[in-house]
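For reference, the structures are reproduced in the following blocks.
Each of the next two complexes has chain A plus one more chain, namely chain B in the first and chain C in the second.
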Partner chain A sequence: MNEVVVDCYGEACPIPIVKSEKALADMAVGDLLIVQIDHSCAMKNVPEWAREQGYNVEVEEIDDGEWEVFIEKTK
Partner chain B sequence: MSTDSNTKKVKFFDKLKKDEFYKQLFKNPLTYVGAAVFLSILQMITLASTGNPWGVSGVLAYWGAWGFEALGGSVDKWYYFSSQGAQNVLNNGFLNHAPTWRNLGIIFGAAAAALLASGFKFKKIKSKRQVIAASLGGLLMGYGARLAYGCNIGALYSGIASLSVSGWVFAVGMFFGAIVGSKLLVKYFM
Partner chain C sequence: MNEKDTSNTSSSNEKNDTPVEKKSLKERSSRGSGKSLKERSSRGSGKSLKERSSRGSSDSSGESSLKSKSSLSSRSSSSRRRGSRKKKPNQIPAGMIVAGLIFLVAILLLNVSPTVSLFWMIGIGFGFILQRGRFCFTASMRDPYLTGSTTLTRAVLIAFAITTVGFAAIKYGYAANGLPMPGMGYVVPISAATIIGSFMFGIGMVIAGGCASGTLMRLGEGFQMQIISLTFFVIGSLWGAHDFGWWKYNVISKGKAIFLPDVFGWMGALTIQLGFIFFLYYVARRYQESN
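Then we have the complex of A and B:
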């Protein structure tokens, strides 16, 4: 299982989603994508989008206004 | 402050962080529908109490004019501010302009909401390109909003809410503008 980290600090919507989509396209089933965000809208729409795709998603608040979204590519 | 009261303080915030009421009230964002209902109620109150529909960006033009005047400039001859109404607003000043207070409320309210959710952060600027794009985008949006007599609030939201066709025309233009904008974004920022 590989881990891919995408740094989206300082990036506004919809860049985090587009970057996540691109990263996931190159990943194998079972790999884990970690999207780092500090944009509260992305904290809502990145997990929503990933769940819609059918991936396993978890959000962790790592600091004030900073989150890591864990997306497991399940298919 | 003694270390004892410091640890007490830390404990208080650790407990608060896990409190369900705190999370529901301040931390978790509203659903899109919930926020839309709230906004609709507030814009009805705005229309009923002030007689004018909700607008945001027109106020910013006045802020610019006041700023320009404070620096010694004059906008008396500018076409945009030539109406008697606009001149009255400018002469009455910043503090007597109700929509100005509403915009300040939005700014400080948003900051307060971010602070209460402990989500406030000074974001780092990633690249020069980001600065250029943000400045250019801001200028284009501001200029476009004045040409269209409103932004996505004054022209679109309040337009449609007032059963005006112009709001729908604005929506069509904004939709295609957003498509072009997204394409440019993917081309230059990915």
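Then we have the complex of A and C:
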């Protein structure tokens, strides 16, 4: 199981999704993608999008206003 | 010391746990899809993915040569971040003080002008709802294309429906009593300029990461990149205001101002507008379901 971290600190709403989408395309099934975000809308947006895609998703607030979204590529 | 031993046990643990964890994850995702993120994460069932990643980092010490470069660097950074999470002081007292100050300012403004005091409270309330509700006009227009989700689009349509009823009630109240209707200055001509302008605005707000209210709200919650947006938002607004007379005279006034109740009557206008909003709502819902 590989882990890939996408650093999206300072990136506004659509960028984290676009970056995650590109990162997930290069990953194998079962890999874990960690998206680091500090944009509160992306914190809602990215998990919602990833769940819609059918991936397993978890969010952890690692600091005030900073989140790590864990996305497991399941397919 | 026993590095090899620990790595072995942890990797065997991983093999044993994986199918169980996957099952629980799947259950959770189907069960709790409607729940809010906060609820889900605070429920504590969210362990598995995080656990897997931290366990992965412990076994990487033994099998580092097998792992890819990106995964190694990612591991160290993510585990370091998680380790450095400090206990933060309770923010509730600070929030209470700020709320008290807001009301204090409202009371002081009441002495100056009740209208200003009302604007102050409405403005704060509007910002609070925008921030807590994650209401975003930009996302409502962008997400259907980007993620296929029309949740916010439908939220905006509901807001339009409510304001349609509210404004119709206010204006009808004035018109029925023979008084001049408030807000008629906003009945402005529409033309191709409206379409071109709104399309340009749409491109701009997606690049900037927020429309006017979204930019102010995100700057208020501390997203510093929006300072750039706000700076150019102010510059653009001033430039627009400077040249607005020319545009109004040469372009905007060429269009036709339409006030729907004048054309269809009050009930007709209300029915048409609400019907159109509900039609868009239905389309948005079907669009999300088809994805």
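What to note about this one:
Keep in mind that, in the parts below, the second predicted complex is superposed on the first by the 75 of 75 C-alpha atoms of A that agree within 3 Å, B and C clash if a C-alpha of one lies under 4 Å from a C-alpha of the other, contacts with A are read in each partner's own complex, and residues count from 1 in each chain.
The criterion applied here is as follows: a contact is a pair of C-beta atoms (placed from the backbone, for glycine too) under 8 Å apart; a residue touches a chain by one contact, two chains touch by 3 or more.
Since the structure is predicted, the reported quantities are computational estimates derived from the model, not experimental observations.
Legend: residue contacts after superposition of the two complexes on their common chain; A:Ile34 is shown touching chain C, with no touch to chain B. By the document's definition of touching, of the two partners only chain B reaches A:Tyr9; chain C does not.
Once chain A of one complex is fitted onto chain A of the other, the partner contacts of A:Trp49 are limited to chain C, with no touch recorded for chain B. When chain A is checked against chain B and against chain C, the one touching more of its residues turns out to be C. By the touch criterion defined above, A:Lys22 reaches chain B but does not reach chain C. In the superposed model, A:Met1 makes contact with chain C only, not with chain B.
In the superposition on chain A, A:Asp64 contacts both chain B and chain C. Common to the chain B and chain C contact sets on chain A are residues 10-11, 14, 18, 38-40, 44, 63-65.
Within the complex, the chain A residues that touch chain B are 9-11, 14-15, 18-19, 22, 38-40, 44, 63-66.
Of all residues in chain A, only 1-5, 10-14, 17-18, 32, 34, 36, 38-41, 43-45, 47-49, 51-52, 56-65, 68, 70, 72 touch chain C in the complex they form. Within the complex, the chain B residues that touch chain A are 29, 114, 117-121, 123-126, 130, 182, 185-186, 189-190. On chain C, the positions that touch chain A within their shared complex are 14, 22, 25-26, 29, 33, 37, 40-41, 46, 48-50, 52-53, 56, 67-68, 70-71, 73-75, 77-78, 81-82, 85, 88, 131, 134, 136, 138-139, 142-143, 146-149, 151, 206, 208-210, 218, 221-226, 291.
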